[in-house]
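The letters A, B, C, D, E and F name the chains in turn, as written, and every chain counts its residues from 1.
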């Protein structure tokens, strides 16, 4: 058996990498993917805790997270593509266009 | 100045003008074979028939002089029918060998046949056979079967050169062009009979079978063979490089200039282009003398030469320009010479044998641009040495670096041994030229110049006429126009003036040298401009 | 489109039915032919190419040949009509003076780069001397190199026209780079 | 056995996550993220959450990331990160920040999970097939029915939003 | 008694000598002429309706009038004795039998136009006439009729006899001039006409031997008398050379108003052996042929012109019914093909071509389109050349075929 | 210890059978593709490759192809992404191969005391597994499209992504109906469920998926063909227009893409068989032998029954393959927009409708 703490540790590492990715990168697509990575890490921790306490609810929660992620990605990508169409460039700095 | 109407268009021409010439001035082409504006009127081909006034029969336009109020019609049904009939007669005994005929493609028989022919040949009988492939002289071959007996060649030899080698022999349909017994078509203008022959009867032995004419490209140019500066067209073969043994320039043809050469060119000039594709061409810059010579790139040799020119005192450097160079080259060279403060500059080197000269075109001075060199001022500066003096000084090792353009000094009028000694004594001998010669073999650095057909530029002929020549082919190897080479070296030596094109050079020349003032390539057009009045010895 | 056809499925099924019917019918014919040795059943219209040949049209344009004079020299007069008309620029002729002034010139070199040739037949049409023909019936020529696809005058002169059955009478010329090394 | 699998998978997961952040090429990043997601799916399997593992693959890898890759292919971003970066100092600040964050989490975990968790007796293992679809399904459609339906509304909203964004250009 | 101006002395022995000529009144016209100013002589000749008898039939006086008035420098008179037209041999008789009448005519003519040098261009084949003429000229020089100050009139005239080399085209006036100048006998472009710029660049009058021989008679007996001998448009008599299938071929001097039928049946004695007449060529080979039924025409320039042919050199060639017209055409075509000078393209090329076609037809290898081709070629070429040679050739080409087409067609094998 | 070894051996055997079956079918399909199309089109088809003069109706052509592909130049475009370029065909092929693992090819085989399910991997969400693996295959295609540095390839990759998403939605939704009817996501269970007879007077008909879920069958088959990227859904290739994602591939790398196509065909055929055609079921064959609806029985040994079942499965898969091939060589291709419209406006709503109707029917069925 693998101790659940290992999973939480791994989750922490992945989450941190995700955070750094969001901060460091300029490409909105990559930033987006880093966010996915963070969500994923959170899911992992969730499932690990669920396993630890023998509750399947965690999985349901994780499933909801996935669903939300899917919705978020769809909208996010649509925005990025739209901005790219407008600006012909791809950088988070361009996102300032979204201010009104 | 009689007024006349041709095809409904009014025109006024000088007294004594033929109808055919009057029509030509209006841009109306009356088909003809025997008529040539430079020759007397023969009226033999009978093709130039036009309707004149109320005359019931068409008249030949070449022999009819215009009179006041004349009404000429060149395209009436009657005229067209007559032309068609005459074309049929012309072709009755003309062999159907256009495919093997060198004239095909520039043959007036073909052209007019396509315009005015009957297209339904009715002649089924054996044609008259006459001699074929008869050499008339060193440059011309006759195919009597193809001859339409327009007699232009006969008249040319009678009237232009006055040599009268050719005649028409036999009678009726057995008539043929031929040499008078014991004669040979070897006058210095014999090639012109090929040009004026409207069909393939007279062909050029030099050009025969080399390239089909429809593969040729044409560029306007000036003959570099002597100081007459005959206007020519350079015909180059770029599309079928496997033809003509890889020669790019296929032939030269004269180009009409009313005041310089009219329709003609001498044989020396006509066949004088061979050096362009000659194995002796300098293709790449080299450094090192004799066996040590090694090819190098321009980027490598230019700083080396600049270094050499910097190394010596101005008094130790001599420059020997060439009247073979274009005005642009000479001007840029003068700029560089002035920039470096050199005094020993000259361009005059006497040839070993004086050139021949006649009253028609040929001039004794075999350089195309001596007048240009004089006007631009490439003679010795104050206290500077002339060419001979430079070589003497070289022998005495007072001049250590000599830059020779084109000249083959060893083949000049001066004693060869003395010159060789002088050249061998130099510490640095630069040779710049299109073809190798004795000087090249002794040179420490060799710079390949583009031949005149490989670049554009201007020459100033003996009477002071500046005439433009255009580029016909790409330079061979790494060769560049002389001015370009001088410009690159000048750039390395800090010369500020940097032209991009020959036209830039000429602009600067026009702005600097008074004789050329106000000139530009646009201004020169095809016919050039007189800048020096020879009689008055001053600007025209 | 009719209403029924808008439901693609029905049409699809009909189509599948047709092809399936073909499949089974042909399968039966093949079986009859191969298993029951029936001569008549033929499940395919295929010609088994190298063994079976479709007869060539008499107008077939095949490998070029140069027609010879009686003395064996080329009939070609090096007029360059074919070289000029060739849309693929695959003919290379160099002319030279013929000793007989009636003939004027002959091809010192006459190469056809079959790697470029498009077999349009314009050269044959253009030839005023009927000196080039595309009637050898040879179609299967090949080479391992581009150079090998250039057929020289001598090779082209040696070729014979196809026989009355349309089959080549000359062996297929083997380019130099395909000659087996000894 | 499972431990070995865990470590191998964990290392791959961390490596691919790092690669995602460090690789310039977004396509590579996306593919590494797919690898990472696959690893996490394997970890779910180890945690006997079979349904979630498959859902992870189907939804994340099969749909979301395909969408990502598709978007990248459409946009073909190439040089956007090679030019001068006006915010470079700020971005470099992320590294120490990340380190601090990692440290913080590590400390928290150390204090809470590792300390407290250790003595806790192993919980009653999930009933057989707990990670299975039945369990999850029952939870989803009974206990969490409302959130489940809300999710579908959320998805619908996202769908409409995306269509609105995409459609505008066509007009 | 019919007037025989030119041939009147032919029957006298030694008629070619100065002695006989003077005895019959020769050189009398000359004295009369010298008494008149030159312009008056030209007027007289104009009034006489004398027309050129070499072939073209151009009024002689008018031709003389073309000499530019007040011209400085030499003017030449050239006598065309290059009698090459097939079927014509009248000048030969004149040269052989009465050369002095030519010389007298020349002196008067030269005086009239102001020429001091006159050339006689004698056909190369005429060796005997040439000898006799030379002798006559020497006699005239000796008698002071030629040379300096003729008969004390102060008029100088030198005569040069030039022998041709046997080219038919040198009978054409400009061709003759070219030949005289030492060049190839090629006709020259007109304009300028010889009367303005002729031999050696000088104004030149070229006249036929017979024409010039008439001049002394006009001088002697007056223009009115001379004009009265002929028709309204042509004065005097004419020498008709009759050859072919007649009983008495020869030269007959008759008024131009004589009809062809009279000439053949009365003077020449009709056809021998009772054969039927098939065709007549009335004016040398260049004239269009006439069928047997067309011979009731007067033999003057205009009469024959109206009959669709021409008086030409008045050489009448009679053909009986044994003659094959296609063969005759072939022979004529060969003559023209052989004699074409080769200068103008239509003539040079088509005479040879037409001969080849005619020959093929005669050999039975004709094609049915050949006849129309010949007609078309002849018509298209007519009038496009420098000289009248081709127009002369076109006459027989067209008339032979048009008038005897069925004979030609009979020779052409049916396809 | 020995038990573990035996287990391992059995597991290996299961996997090996599946691998051999799939790979051989895939290889054979290259031959079938040529021959079947030829027979359909009145041709002969490939028949030249021979061994010692033996031609066997061109059966050696797949072998010859393999040799050819292995010996051909392995070309790498100058600006290609080297690693992705190499990885892409592998991903494609492996995903396709692995997908088959969850498809059972027979019932439980009893060897001594052991019960061996005839299935490479036993998963209680087997359908989802196959589904997941199929969807991963598209990465290979997209990677290839991207890595080739070729616009046509990129276009092919993009089309593949779009097509895959639209196809997968339909596949997933149509499977749901089946899962609802048989109440499981486990393939084995679903197949067993199909062994039961229908109700009432229709009891002589086995309750195969094609009977209970006819609409789902059509939808699944259509979407499945789309998932194989073959005609009529060959937009990623579009050999008449863009050549597609593998335009830059040569040699065995190209061969792997081709193989992946055929393996996917086998997988779809296997899934169709398992979900709609009763899997390994033989009508009226129970675990102990045949028992016909009219009462007759023919008891059979366990091994015979299992063998019959496996053979039945193989036969059904082969027939499906034949059918898919028939479709591929009959129908014209869809244009990109047509395929998208079909997927999103045709298949997807219909499958949702199918789920709804199935649910209602099931509710109505079970309510009383």
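Quick note on the criterion: a residue touches a chain if its C-beta (ideal position, glycine included) is under 8 Å from a C-beta of that chain, and two chains touch if they have at least 3 such contacts.
Values in this document were obtained by computation on a predicted structure and should not be read as measured data.
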Requested in this report: Using the touch definition up top, find the fewest steps from chain B to chain D.
Outcome: 3
Query raised in the report: What is the distance in Å between the mean C-alpha positions of chain D and chain E?
Result: 125
**Report entry** Between chain B and chain A, distance of the C-alpha-averaged centres to the nearest whole Å
**Finding:** 81
**Report entry** Length of the line joining the C-alpha centres of chain C and chain E, rounded to whole Å
**Finding:** 74
Report summary line: chain C and chain F have mean C-alpha positions lying a whole-number Å distance apart equal to 45
Query raised in the report: Which chain D residues reach two or more other chains?
Result: 51, 55, 63, 67, 74
Report summary line: Each pair of chains that touches is included here, namely A-D, B-C, B-E, C-F, D-F
**Report entry** In the complex with chain D, residue positions of chain A that touch it
**Finding:** 1-2, 4-10, 12-21, 23-27, 29-30, 32-34, 36-37, 40, 43-44, 47-48, 50-54, 56-57, 59-60, 62-64, 66-75, 77-82, 84-85, 89-91, 93
Report summary line: In the complex, the residues of chain E that touch chain B are 167, 184, 189, 191, 337-346, 348-353, 356-357, 360, 367, 369, 373, 377, 380-381, 383-386
Report task. Give every residue of chain F touching chain D within the complex, in rising order. Result -> 81, 84, 123-125, 128-129, 131-133, 135-136, 138-139, 142-143, 145-146, 154, 157-158, 161-162, 164-165, 168, 172, 185
Query raised in the report: Of all residues in chain D, which touch chain F in the complex?
Result: 25, 27-28, 31, 34, 50-51, 54-55, 57-58, 61-63, 66-67, 69-70, 73-74, 76, 129, 132-133
Report summary line: Within the complex, chain A is touched by chain D residues 2-3, 6, 10, 13-14, 17-18, 20-21, 26, 29-30, 33, 36-37, 40, 43-44, 46-49, 51-52, 55-56, 59-60, 63-64, 67-68, 71-72, 74-75, 77, 80-81, 85-87, 91-95, 97-98, 101-102, 105-106, 109, 113-114, 117, 123-126, 130-131, 135-136, 139-140, 143-144, 147-148, 151, 154-155, 157-159, 161-162, 165-166, 168-169
